[in-house]
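Each structure below appears as structure tokens.
One chain, subunit A, links the two complexes that follow: it is found with subunit B in the first and with subunit C in the second.
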Partner chain A sequence: MSINQQLREAIVRVLPEVDMVIGWGPGEDSLHQSPLFMKKPEDVDGFEAGSLSVHNTALYLPDLKGKKIGVVVKGCDSRSVGQLLAEKLIKRDELTIIGFPCRGVIDQDKVAKALADLTNGSIEPGEVRTADFTDEEVVVTAGFEGKEFRLARADVLADKCGRCEYPNAVISDIFVGEKIKTEAKDEYADLAAFEAMSLEERMAFWEKEMERCTRCYACRNACPLCVCRNHCIADSRDPQWLGQANGVREKLFFQIIHASHLAGRCTGCGECERACPVGIPVLLLKRCLSRGVEHLFFYKAGLDPEATPPLMTFEVEERRIKEREWK
Partner chain B sequence: MSIKFLALTDVCAWLEELSGNFTVHVPQAQGSAVVYRPWVKGAAALPELRKKPTESAKHVLFPRSERLFSFRREADLSVTLEEAQKTGPQLIFGMLSCDARGFLGFDPVYGGGNSKGAAADPYYLGRRDEAVLIVRACKNALNTCFCTWVGGDPASRDGADVLVTELDEGMVLEPVTDKGEALMESSLLKAAGAGQINAATALHDQCRAQMAIAGAVPDISTAPAALYSLFENAEFWSGQSAGCLSCGICTYLCPTCYCFNITDEEAGSGGVRMRSWDNCMSYQYTLEASGHNPRPGKAERLRNRIGHKFAYYPRTNEGRFLCSGCGRCIKSCPSSIDIRRIVLDALSEQEAANVKQ
Partner chain C sequence: MAVFSNELRIVAFLCNWCSYGGADTAGVGRFAQSTDLRIVRVPCSGRINPLFIMKALTYGADGVLVSGCHPRDCHYAEGNFYARRRLETIKHLLPTLGIDPGRFEYTWVSASEGQQWQKVVNTFTGQIHALGPAPRLPESPGFENLLAECKAQGAVKTADDTEQTGGGA
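Our next item is the complex of A and B:
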């Protein structure tokens, strides 16, 4: 039985105990899925977990507090659930967590690039008519003539999946399928590459990237740990922290606020970056702080729902912060 | 009107020439996105005309944020106001027909046209009157394109001053209005040959054929009635909005969404009055001073967005939908919420209700 058949069976089994199960279902075309909210057994027919199941299902949990929820999670989604639990923003006894081994999800921008390379820029992902996902390839038919194109899976896999240490749900009530063993280690190579630039170059990089920001705040709203929701200081007019001018200053200011608020909380799911309609690499800022928290406090967000996140507590003698030795 | 031909090698020279009289906006690649930005004089690279722009061109006539005026409190307690400088004539080169048609949705609202007693908006109208829109016919249709559902066409001339069709070796330029005709006098433009004109028409037909692959265009003319009757159906709207993130992508990328907010930003004894884009997907959009919010949840907010485009606006605007079918709200939605699906679901709900009666 395929993983998806097993998952569908597990969801149907869980449904009578919960108000809904959150997973993934059909999207607007063969390259997209949409979050699926299953309430009746027939809703489960549309469920599928796979390379297009990009959405972090944990996102919806804080708003559904008080309800019994089943949630299907990839490894990264499960870490968001773990962090929300550690911060007591959701309740464990209201959740039934269904995990599965995730083989990674695709990045639409990379698909666009791979297709453009193959077709001299003449075909966009929006023209893909069918898509098949194998272990090694994404085989699509696209364009007016429905020609076939074969994209190497490695070329279109999301960056976060390439460095993923936790492809299996780190927390689950039901785990379907066989756990994936991985040797991957996240060494923050992307950050190291960025930091090879001078400070001036880095500032110029962000000025260039942020110029096209539309201030839609999808980065914030797609973040499962951004739980202020309707009360974000970015929207408040009284007091008004952020100006309404369409300047890089305001845009970058918000990104710094967002990243700071996620220090020690961000699990690196990358939904902020995926949601960005204009492809600004905003995850990089959060990863900088995650690396710092990892180094300072030996803490990786979302791995242990019982943990007290380091910025929600303090040690009298921090192991890596030696104030007494400061000069 | 005279149909012209512009050789590919002369495109930059023509844009250079145009930029003598206008601020010229062209689609440009930035990272993985394509955005409309001012043509930099002397630029040698062609505008990005292959990929469809990620954003619409509405910010050219309706800026994301604009200073309406600045104010200063003087020592004698009088207040000095200073109006913002005018933008000057602008030209958009290579915009999509759905983007040009988007402004046709703006016009009655900001022109004070259809509603009794409505004020005309001098900021928008000032830019609109001076703007020249050079529309490019679409060469390809995306899965998310649905201009044909709402009266559009990949080579629509609605709202365009000039229609451009890109061939391999250059562009066929067809002036649509007097403003467009006035641009045809450049010595860089040659009379188009019959072969070139036929090739352009063939490209229009090919794009129409690509759009038709998705199937016949559904009749959505009864959408207003269906949406009005579904107004209080909470289950319908909570189901449709379940995946919504309440972000502003759909409204900000939309060529027809025209809402704004006004903010006074003060510093010391002076400040500026800003007008910036607002977004009906946000909680703050209808938050009242009392703290009451008539649209507290995303279900009410999504209902408003769909209702406004396919029911309320058409009611006061001769049935015209406030949607030009560009599909950006679908393509860029992080949750892949499909506005077409919602309208079709509303129509089938209505049909089911009619059968029951």
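Our next item is the complex of A and C:
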């Protein structure tokens, strides 16, 4: 029995005890899925977990607090759930967590780019008719004649999946399938590559990237840990942290707000970056703080729902913080 | 003490109980200090939102200094312990944004340490002057610019324009 059949059975078993189960279902075309909210057994037919299950299902949990919820999670989603639990933003006894071994998800932007490169831009992602995913390849048919394109899976895999240390849900009540063993280690290679640039180049980089920003705040809305919702300080006029002006400074400062509010909380699920309609690498700022927190406080967000997040506590003698001499 | 002819903008956040008192002690003791510092008095270093620092640096400060009570000496017992974690964390963000991490420092100065305060001010000011004025992101377009741009495209007409062109119908 395939993983998806097992998952569907597990969901149907869980459904009577919960108000709904959150997973993934059919999307706008064969390259996309949408989040699926299953309330009745027949809703479960549309469920599928796979290479297109990009959405972080933990996103909806804080708003649904007080209801009994079943949630199907990839490894990264389960870390978001873990972090929300650690911060007591959701309740463990209201949740039924269904885990499965995730083989990584596809970055749709990379598929679009690969298709454009292969066809000199004559095929657009909206023209994809079918998409099949194997361990090695992504096979898509596209265009009027349904021409076939074979893309190496590794080339179109989301960046976060290439460095994923937790393909299996780190917390789950039901785990379907066999756990994947992985040797991957996230050494923040992307940050190291970025840091090959000088400070001036980095500032110029952000200035150039942020110019495209439309302040749509999709990054914020897609973030499972941005739990302030309508009370975001970026929207507040008193105090006014962020003006209405449309400059690079405002756009960048919003990203600084987002990153600093996620310090020690971000699990690196990459939803902010995926949601960005103009492709700004906003995850980089959050990863830079995650790396800092990991180094300073020996803490990786979302792994232990019982842990106290590092910025909500302190040690009188900090192990990694050196007092600075003023001479 | 070095006197700089080109004064830079340094914002200092000092806790009310120790460092602000320390700065006062330095003043009473007439310890000469560089004059680049603008002091913002806050109830406790634990009150300092790391975004205060980021906002100052993004919107034109050349340096930011934070000073509070020594660890274990906080007036509110543990405010500076939380502050220490936050400040140390936010320091990691600066180089990724292209801001020299030396533009932000934090320290502990008690109310009696007037001389230490003088040393901190002069050291930090010297450090910021060594780095020079901070590179700035471009100013956000103000209303005037936007209006001028719209006018240039013929999208907007104001009362003044109508008068200049001989009045509307």
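Throughout what follows, the second predicted complex is superposed on the first by the 323 of 327 C-alpha atoms of A that agree within 3 Å, B and C clash if a C-alpha of one lies under 4 Å from a C-alpha of the other, contacts with A are read in each partner's own complex, and residues count from 1 in each chain.
Rule of thumb we're sticking to: a residue touches a chain if its C-beta (ideal position, glycine included) is under 8 Å from a C-beta of that chain, and two chains touch if they have at least 3 such contacts.
Model, not experiment: these values are computed from the prediction.
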Based on the superposed arrangement around subunit A, label subunit B with subunit C as either clash or fit. clash
Have a look at where A:288 lands relative to subunit B and subunit C in the superposition and call it first, second, both or neither. second
For A:264, using the defined touch cut-off, is the partner it touches subunit B, subunit C, both, or neither? Pick first, second, both or neither. second
Is A:279 in contact with subunit B, with subunit C, with both, or with neither (first, second, both, neither)? first
Mind working out whether A:191 is in touch with subunit B, subunit C, both or neither, as first, second, both or neither? second
Quick one: is A:243 in contact with subunit B, with subunit C, with both, or with neither? Answer first, second, both or neither. both
Report for A:35: first if it touches subunit B alone, second if subunit C alone, otherwise both or neither. first
Overlap of the subunit B and subunit C footprints on subunit A, residue-wise? 243, 245-246
Touching subunit B in the complex, subunit A uses residues 27-29, 32-35, 37, 55, 59-60, 109, 112-113, 116, 121-124, 126-129, 143-144, 209, 211-212, 214-218, 220-222, 229-230, 235, 237, 240, 243-246, 271, 274-275, 277-280
Subunit C residues within the subunit A interface of the complex: 50-51, 54-55, 58-59, 71-72, 78, 81-82, 84-86, 88-93, 95-100, 105, 107-108, 116, 119-120, 123, 135, 137-142
Residues of subunit A that touch subunit C when the two form their complex: 191, 194-195, 199-207, 241, 243, 245-250, 252-253, 256-257, 259-260, 263-264, 284-285, 288-289, 291-293, 296-297, 310-311, 314-316, 318, 321, 323-324, 326-327
Applying the document's contact rule, which stretches of subunit B touch subunit A when the two form their complex? 30-33, 35, 50-52, 54-55, 63-65, 140-145, 206, 209-210, 213, 239, 242-243, 245-249, 252-253, 261, 263, 265, 274, 276-277, 279, 282-284, 330-332, 334-338, 341
